[in-house]
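Dropping the structures in below, format is structure tokens.
Okay, so chain A shows up in both of these, paired with chain B first and chain C after.
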Partner chain A sequence: MTAADVDIAVLGAGPAGSTAALAAAQAGLRVALLDEQDAPGGQVWRAKSAAILSAPHTPESKAGAALRQAVADSSIMLHPATRVWQIARTGDGWQIDTLRDGATDSLTATRLIIASGAREVVQPLPGWTTPGVIGLAGATALFKQNLTVPGARTVVAGTGPLVFYVASEIRRLGGTVAAVVTPNTRRDWAGSLPAMLGKPALVARGALWVADLMLSGVPVLWGHQVTAVEGDTRVSRITAQSVTGASTHNFAADSLCLGNGLMPQVEAAQMLGVPLHHDAALGGWVPACSDDGVTPVAGLYLCGDGTGIRGADAAVHHGRLCGLRAAADAGCTSGHAMDIARRNWRRAARFGLAMTALSRPTPALAQLASDDTIICRCESLTRRDILAEIGSGATSTNAVKSGLRAGMGPCGGKYCQTSVARLIAAETGVTEGAVPPPTPRPPLRPVPVAAAAGQFDYDDLPIPKPAPL
Partner chain B sequence: MIRLVPNHADRIRRTAEVTFHFDGTTLPGCEGETLIAALMRAGVLHLRNAPHDGAPRGGFCAMGLCQECMVRVDGQVVEACRVTVTPGLQVARL
Partner chain C sequence: MSYDIAIIGGGIMGCATALRLAAGGMRPIVLDQGDLGQGASGVNAGTLSLQIKRVKLMPYALKGHHLWEEMGTAVGFAKTGGYTLAFTDREVDLLHERQTMKREAGAPITFVSNNALRAAEPGLTHAVKAASYCPEDGYANSALTGQYYRGKLQDAGIAYRERTPVTGIDRVDGYELQTPAGPVRAARVLLAAGAWLKPLAALMDVDLPVNARINTVSVTERMPAMMSHVIGHATGLLTMKQKANGTVLIGGGWQGKGTPQQGRGEVDVAAVKPNLALAQYALPALGTARVLRSWTGFEANVPDFYPLAGTLPGFDDAFVLGCVRGGYTIGPSIGQLMGDLILGRSPEMPLFDPGRSFEEDRP
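Let's look at the complex of A and B:
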């Protein structure tokens, strides 16, 4: 027997991670649930800040509140506001190094479930680094946590259903939508209808968002993309063009919400040795795991959007399935519950995968960046810089990183590596999946050197014997 | 004009307004809200200049990943999307 602090540690308290933790705790195991936010909910069910005393409920706020209550009522040991920056094998379990309120700590667990969720893909375009341009997913975080809109007059642009949700929330919170610009056509959406019919309530909600925009006279430009953002210290004008280039529209606006779908956050699993494969239908690089979330790495399980973008509904069922599987492996079996969770997950995933397909960046979006457009925001590296590096023989994201530092800035490559890989694929004539994924390096999140070093006495530092002269 | 999505702005109740400081100017915010939201409502989006080309930058991912909203708060470099507003908070552009 190990003397681990808990039987199961769950990283990420979104729909998948929280539900996995609940399933394992209900099976009788000691479970710790860690998340960098102040409360469970993940991005999709993010909790309101302490500054919001009351506000009208939304489907997301209700689902989040129910989840937070369930976690609070359970035996789960919740570690909120805790950033995991390092994970290591220890004996037959795991050691998880955390940072909370500037202080480091660590936790040991026999089994580890990672529910790292997704992050947004934003295809670079001229002016996208101007203050006032934020991610579509970032906008939803602002709405849910702070009920704040990004500006007085906002253009909402990008692929998939998120543009309509963001536009509708801006209107609900008192902002003005200057236009909605999406490369998807109405025909693209019609093609997804069969897969969407399993979730009629979500279809009805989406239809209401679009109908509201049209009745209110907000321009909805189907088959269009934002091609340029103007402004110095703040966005002032947005240009949109039809995908065919036939028509151009200009909008005065002080903000732009921009996004092109989600990708799984695989770095933690990848660092622990889980192999990846590329599947564009799942959002890009996904880690190897069974439907139940079992990975080839003993004692490591994965669930939710971190295993492929299937959406929040599917994540709940996947979390339950994975939590039950980890509990079963720990000797706590649960009868038919796993079969039910697996069936529900597959049904919900059908809708989620149709949304992922609509959200994928279209090929035309990759052409928007000019030579002067910044690709790596942290290091201010332009498309010209990246292309020159590829031209001199760099055919992997790691090679571009070694040569230019693209991916070595504070964000750790989270917002440039996909774009760099696409440029390599286009320049060398291979598919995106043929460009190896970037190698992640610790720390998983920024950690102050003083906190990582911990408490020590200089006198205790070993001093090596000087080399003989 | 017909609205299918109602305007809920008047139905949101926030904590009492406090003030904080951004590069010498005094700005309003609500205690406990995320700093980036208070700055946005005050119209402050330019939070730092990029270290390599000096170009203006502001919050982008709003969820602690991109590090674009780094500001100096009480001497520490932190993400404005992960700090909450407290009365008298001293914030400086990087």
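Let's look at the complex of A and C:
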């Protein structure tokens, strides 16, 4: 054993990471749990801000509150509001460099669990960068943290179950939903029923969202997609078309919630050397790991949606499984608990994967962007710019990034790389799985020069022998 | 289809040689294990500074500066002039000794007063004890290397294959190169694979004493104007410049981890920290800039730190080009010379026999 600060560091305090930390702490290990937010819960079980603590509970807020209480009652050393900007191998373990309130710190751990979660996929379409357009997942953050709605009159559009949840929440919080637009058909949903029956409570909840919308007369356009957003300083009009192009509808609205499912956040694992492979059923590029979260990199474990989009329910069980596995590798056996966690995870994953399948962007969505549609927001690059670069022979995401700076802006490519890769695949006639994401570059999060440099004295700078003359 | 020459390595040197050869009437093909210009050619800091070039390579660097200036906006060229700073008495001595020799070798370097330095770069620390200036210095954008040469190869009708590693080199009436996409035949080969020269030459049973340094570069978010020249340090351990878009690029040869054989190098945060500390020491306002990315690139060298540029030892139709200290600056010019050598012309400047004995040549 090295003299590490903790036995296990867990990055990400969503359902997976928090549960993994709890499992390892209960096994008797010293565990640190780090997260960028002020409290555990992740995106899905995000804590309410202080201003809305008295707001009514939802299933998400209850689950989050229970998790936060469990973490508080445990021996876990919680590092909230902490950004991890660098992870490096040190001896047999890991050194984790963090940034909190502008100050850097570091922590060493013998084992590392990364529960980096997911981020939203938004397929670019004409006008999608107009103010008033936000992601479906972004909208849920508004509800959960601040009880605010995206606008006075909102169109909710996209794939999977999240459209119905978001529309229903906007209504519950007093907003107006102009329409729900989803490329999925009722037949798509019926096809998912067998997988969904294992989670009757979730099915019932989803049915309530849809029933609420139907009863209140909100138009639900199945088999439709938003094709254009208009508005100068703010969204004013939204056009939706049936997927077949047969019918067109226009809606006056000042806001649009738009999303096409989630993708795993893999950059940290990728940077530490875990190989990636493409699996559309799991949301895109996923890191190599066993069911228990063991990776080919010694001492590194992964769990939750960062390993493939299976949803919050599955993430809890995956977190427990992974936490127990890491604890077992540290010498703390747990009897049958791992078998139980693995079984629960598989059952929950069946439901989650059905939802992921419904949430996948349909091929037709990729055709919506026009030549003038912005693809890379940081550098204001249009589809035309990207296509021209690909046409000139830049047929990898690294080459497009080098030539155009798509992915070199502040977002680090998080919002454009999926679209860029899809365009390369389409233009060169290969599958998305043949177009890997660009080489990841540290730091994991932007870090000020002064914070990274730390305290130093010029005389202490390690100045090696000068270069040959 | 058989080519006159297969060039393995699509960086600056391989592409510049290919262009010269095609202009001279040969049919080359360029093969790269990745994308064109994504190795050292595409990830270095892009500094074009005569103040950090080796004395004996100065004529090649002067020619290189001229060629980069001709390439112009397509490669993000900017001639800003550059200052090299000394903060201690030892560094002052080092600066005077070194820059005097470089001036004698042809670089228009002068020593400047502190007042002149402050007028030119008011944001620099007042701890500067001495500084030298070269009006020829500046930078180009190394990320554009691949885009630039891809276009040039296309314009010249030169065949190239990206993401095509060479796994075997067989002698059969010329050469047959094995690749996952099938064999490629050529009468000659040029090895121009940078840090991967050693394993590549091993395919031809030649042991080249090539080592790799793992240089680290970092870039900040866009910042308000903070400096208008390329800034260096007497030891060479800092180069920085602010691009037109406001980002600040910080390098200086701080070492990352890894080997070419293992793939890409890895940033060592323990080396990035003093690099950033030195940058902030020189330009205090840089402290608030957020670093967005750090990365590494392999810089190949041999024990005497002079180039490999000539025939591969034991061959007359196989060539090697690489290990050029200051290779980004010098690459376009030494590529032309290499092309001339392969075309049977006599290069206008002498090349560097890869078969020489590699005595250490350090000060």
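A few remarks follow.
In the analysis below, the second predicted complex is superposed on the first by the 456 of 469 C-alpha atoms of A that agree within 3 Å, B and C clash if a C-alpha of one lies under 4 Å from a C-alpha of the other, contacts with A are read in each partner's own complex, and residues count from 1 in each chain.
Note that in this section contacts are C-beta pairs under 8 Å (C-beta built on N, C-alpha and C of every residue); 3 or more make two chains touch, one makes a residue touch a chain.
All of these numbers come straight from a predicted model, not from anything done at the bench.
In the overlay built on the shared chain, the residue A:R119 is in contact with chain B alone; chain C does not reach it.
In the superposed model, A:I134 makes contact with chain B only, not with chain C. When chain A is checked against chain B and against chain C, the one touching more of its residues turns out to be B. Contacts of A:P446 after superposition on the shared chain: both chain B and chain C are touched.
When both complexes are overlaid on chain A, the residue A:V243 reaches neither chain B nor chain C.
In the superposed model, A:M408 makes contact with chain C only, not with chain B. Contacts of A:R171 after superposition: chain B is touched, whereas chain C is not reached.
With the contact threshold set out at the top, residues 410, 446 of chain A are in contact with chain B in one structure and with chain C in the other.
Residues 36, 43, 49-56, 119-120, 129-135, 137-139, 141-142, 145-151, 168, 171-174, 208-209, 211-212, 215-217, 232-234, 255, 377-380, 409-411, 414-415, 445-446 of chain A touch chain B in their complex.
Listed in rising order, the residues of chain A touching chain C in the complex are 86, 88, 97, 389, 392-396, 398-399, 401-403, 405, 408, 410, 412, 439, 441-443, 446-450, 452-454, 456, 458, 461-464, 466-469. Within the complex formed with chain A, the residues of chain B that make contact are 1-15, 30-34, 36-37, 40-41, 45-47, 50-53, 55-68, 70, 81, 84-85. For chain C in complex with chain A, the touching residues are 34-38, 42, 52, 54-55, 87-88, 94, 98, 101, 127, 143-147, 150-151, 154, 162-163, 219-221, 234-237, 253, 264, 267-270, 272-274, 276-281, 286-295, 305, 325, 361-363.
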